[in-house]
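Once you scroll down, you'll see the structures, which are given as structure tokens.
Heads up, the next two complexes both have chain A, just with different partners, chain B and then chain C.
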Partner chain A sequence: MKFDRFDKILFILLAFAVAGLAVYAIRSLPGKTTAVDTRSMERELAAQARIALIDKLFAPVTAAMQAGQYQEALLKLEEINVRYPGEAHGFILKGEILSRLESLDGAVTAFVRGVKLNGDYIDKRSQVSRRDIIEKLLEISLPRAAASYRNAPGNPVLKAALANNNYLKSRLAGGCE
Partner chain B sequence: MNLSVRRFLFQLIVLIASLAVLSSCKDQGRKVVKIGYMNCNNEQETKQRFVPLTRYLSDRIGVEFVMVPVDTHDFEKRFNQGEFAFTHTNSFIYIILKERKNLKLIASEKRGNFGSRSGGAIIARKGSGIETLAQIRGKKFAFGPMLAPTGYLAEYDLMLRSGIDPEKDLGAYTIPSGSFKHEKLVYGVLFGQYDVSAATLLDLETMTREGKITPDDFTILAQTPLIPYCTFGAAANADPALVAKVRKALLELGPADTAEVDGERLKVLKAAWIDGYEELTDKDYEPVREMAKRVNMPPYQKF
Partner chain C sequence: MRHDRHVLLVACSGALLGFLGVMLAVWGNPENSGICVSCFIENSAGALGLHNNARLQYLRPELAGFVLGAFGSTLLNREFRSRGGSAPLFRFAAGFFLIVGCALFIGCPIKLFLRFTAGDLTALAGVIGLLVGVWGGLKGLAHGVELGRLSPAAAPAGSGLLSPLFFLLMLLFVFVSPAFLIASERGSSAQHAPLFLSLGAGLLLGFVAQRSRFCITGTVRDVLLMGRRAPLLWGGGAFLVSAVVANVATGRFNPGFAGQPGSHQEYLWSFLGMALVGWLSVLIGGCPFRQLVKSGEGDTDAALVVAGMFLGGALVQGWNLAATSAGVPTGGKIAVISGFALLFGGSLLFRNRE
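Let's turn to the complex of A and B:
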């Protein structure tokens, strides 16, 4: 096939167009990255806003906990839970308080409910992580729950308590909901 | 009356009589077992709470359980008279009946923050100037009902262990009259009728949840140890197989279980305001016994 001068001009123009498109595409890539960054930032902003809000909402509870007034802390938590029922942070704080009061089964149950609602509480990189507290609790509660269940394998309450302990253990090991 | 009408009437009577016999056979076929429920606040409330639970047990086990609401102070007498073979009481009545009549432990109720255990507190109104337990000397105090483990016994014991003799060191002490005594204690402190009072943690928790009080209104001066609370028991001569069935049914009772009462299907746990049942051992009730001994109350009372 022979190309005349007109064809060559067309090929040159086509090459310019393709090159132009390539340049345009390359230039547009950073734009896409910016969009991803923006979504990350939005998520981060939402997370920060949530942390700021729960810090403010649950401040009376944490203040009572820091003062060692655990019963007052539980009552204040009860009051807040009326307005924000089912909030994961409430369950996590309840778990912490009951853990300090050595009410182990109650603490494990509360942590399970909190972690099921929001996995951030078990994530070591999260600002709200309670991983260390849960690990320490399980060191004591899991062997107890396992021994109790071994002694009475037909007891559904002990079975449920052991299952709760194992659930937290599995989440600590990286298992998903 | 002609023959065919007579024959028809005769057949009708036979049919009705047969149905009546059959229906009574059905009732008689189920063994009837009575459960005595200790009234917490009043009889009406006890019935509302525990009729669905009683019906659930009947449905699960195939025995006709009948609920008998019993005033706390009459409980031992009526149990001794054989009015009921199964009991639902607080842990204090349980240890009395265990000691005197060898009551069998079936299961313990779970309710509130501490599951099958609960405690009591000594409270003052915030801003009253009473900030520590030592400051209750000479003050006007109110206890809950005398047979309440976390409204009387535990707080009385707590005071004794803290070097405060309620008989000598308080200005005066009283027990509110009538029903809803536990709530009256809390309101009594809030509205200044008493300087200080005993309060069960369960009541503080429930009243807070219901918006009746706010924790900011009160100072908790001291808190008692946690002890078992409401307890199901059975007479020593109760059929062991039936006791095992009741225990199993209680332990397996979950939030979704329902029972039909007066044509209405109700959630059993929700109606009874409880979270479930747990199998404790008699040894778990040892702290209640120790309290009763220190406070010199039944079944260890010495004169």
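Let's turn to the complex of A and C:
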């Protein structure tokens, strides 16, 4: 391959472009670290702010739960859910209350709605994780739901209940989302 | 003798792909997703800020490994050759719909068999879909549907370097994270194998896949065409055996239909998603993994497919087209039907009737 004058000009221009790129890339390195750290901090702040807000919002519900007044907790939860209908935490708390009341299907349905809205509740490392509670619930509810569906395979309600159990099992098992 | 050596190479490629596919999940990647090109592309598109699903953003080093491993192999063996120019826009769209099909099934053809060998029996619908899709693609080829031949003349010398350079840049981003790069701190993208294991596995697999030309849909295609005489059959067999053995040995073999990791039970859509992937893959000459490898060989058409796959990775998340354990969203169903419309319409347009 033979290079003419125009090739040589292009090589020189390319060298300038690469050198300029290198200079700016190196100069931006300290700034880059700051930007990444800032974004991580912003995410962390948003997560912490959410936790603080839901703690405050749902404080009456958790207080009633701790006092063992589950019916009252459910009523308070309904009041809050009217104001914040799409908040996953409400469904998660409902799942916890219904699970303590041994209303297994209701608990599973509530957990499914909560987990679909926010997958953090199933993550091992999340601060709001309810993984252990859901695992314990499924140990009892999944065999029951499977047995009920086997006895009445055409029943759409039982089919939906089994599907909900399987959804939670699949989410607990991990994999790509 | 030369044939035997090639068969051995293909079998080694298959065995490595199956083994590392399981082991990368053991080392930290999501369950049954040790290797999943479509998932990796969705993750990487998110990491580059192309979608905002905060649980699916991580620049997967395996992707750069596949392309650069193949690139290194072609350089070592003096096979690097820029080529392309055959129906580029169709290939770009095909890349997009490859990811749509994979997103409906939740996984690429490699993950399809990784899921299956881990006992996920819901993957059977995808296996049948892939077989039917590849068969459909072969019928299309037999009836004159072809996108045209790759031509070195149509691709200026050096243009094939763009894809390896792009992935070299991605690799640089892995090590020196620029400010715009995003990494999930929760969800499945927060799960990943150690960097050097991921990258090493990717480079090795890219290298051997380039030498052997092994890929999943290619194996299905050759077996349908040649039966037991197909050398890739050995690769497919080795993949299945090594993946099953690795899954059993690591306690990851859990046979069943319900509650499998990253799966749903909408079998029709799993079937259709993989059928679309199989059919498109035959038309464009390889599954998503093979397209990455070919783009590392200097194939600019495959590089366009990869670009389409990145757009697909961004939009299946951005437009909520991807299936989840909860099932397949309506948008995803519409997207896969649109993919078939493109496929059938394209087949009519690209048909050689002489």
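Some points to look at:
Here is the rule we go by: the second predicted complex is superposed on the first by the 148 of 177 C-alpha atoms of A that agree within 3 Å, B and C clash if a C-alpha of one lies under 4 Å from a C-alpha of the other, contacts with A are read in each partner's own complex, and residues count from 1 in each chain.
Here, a residue touches a chain if its C-beta (ideal position, glycine included) is under 8 Å from a C-beta of that chain, and two chains touch if they have at least 3 such contacts.
These numbers come from a predicted model, not from an experiment.
Overlay on chain A: chain B and chain C fit together in the combined arrangement. Residue contacts after overlaying the shared chain place A:Q69 against chain B, while chain C stays out of touching range. Between chain B and chain C, C touches the greater number of residues of chain A. Looking at the shared chain after the overlay, A:L98 reaches chain B, while chain C stays out of its contact range. Legend: residue contacts after superposition of the two complexes on their common chain; A:E79 is shown touching chain B, with no touch to chain C. Using the contact criterion defined above for the overlaid structures, shared-chain residue A:P156 touches chain B, although it does not reach chain C. Contacts of A:A15 after superposition on the shared chain: neither chain B nor chain C is touched.
Look at A:V23: by the touch rule set out above, it reaches neither chain B nor chain C.
Of the two partner chains placed by superposition, A:I140 touches none, neither chain B nor chain C. Look at A:G174: by the touch rule set out above, it reaches chain C but stays clear of chain B.
Of the two partner chains placed by superposition, A:L45 touches none, neither chain B nor chain C. Across the superposed structures, the minimum distance from chain B to chain C, using CA atoms, reads 15 Å.
Listed in rising order, the residues of chain B touching chain A in the complex are 113-115, 117, 121, 201, 204-205, 208-209, 211, 214-215, 220, 223, 226, 251-252, 276-279. Across the interface of their complex, chain A is touched by residues 30-33, 36, 39, 54-56, 106-107, 111, 176-179, 181-182, 185-188, 190-191, 258-265, 324-326 of chain C.
Of all the residues in chain A, the ones that touch chain C in their complex are 28-29, 31-32, 35-36, 39-40, 43, 112, 116, 119-120, 123, 125-126, 142, 146, 162-163, 165-177.
Put simply, chain A touches chain B in their complex at residues 69, 71-72, 74-76, 78-79, 81-82, 94, 98, 101, 103, 105-106, 152, 155-158.
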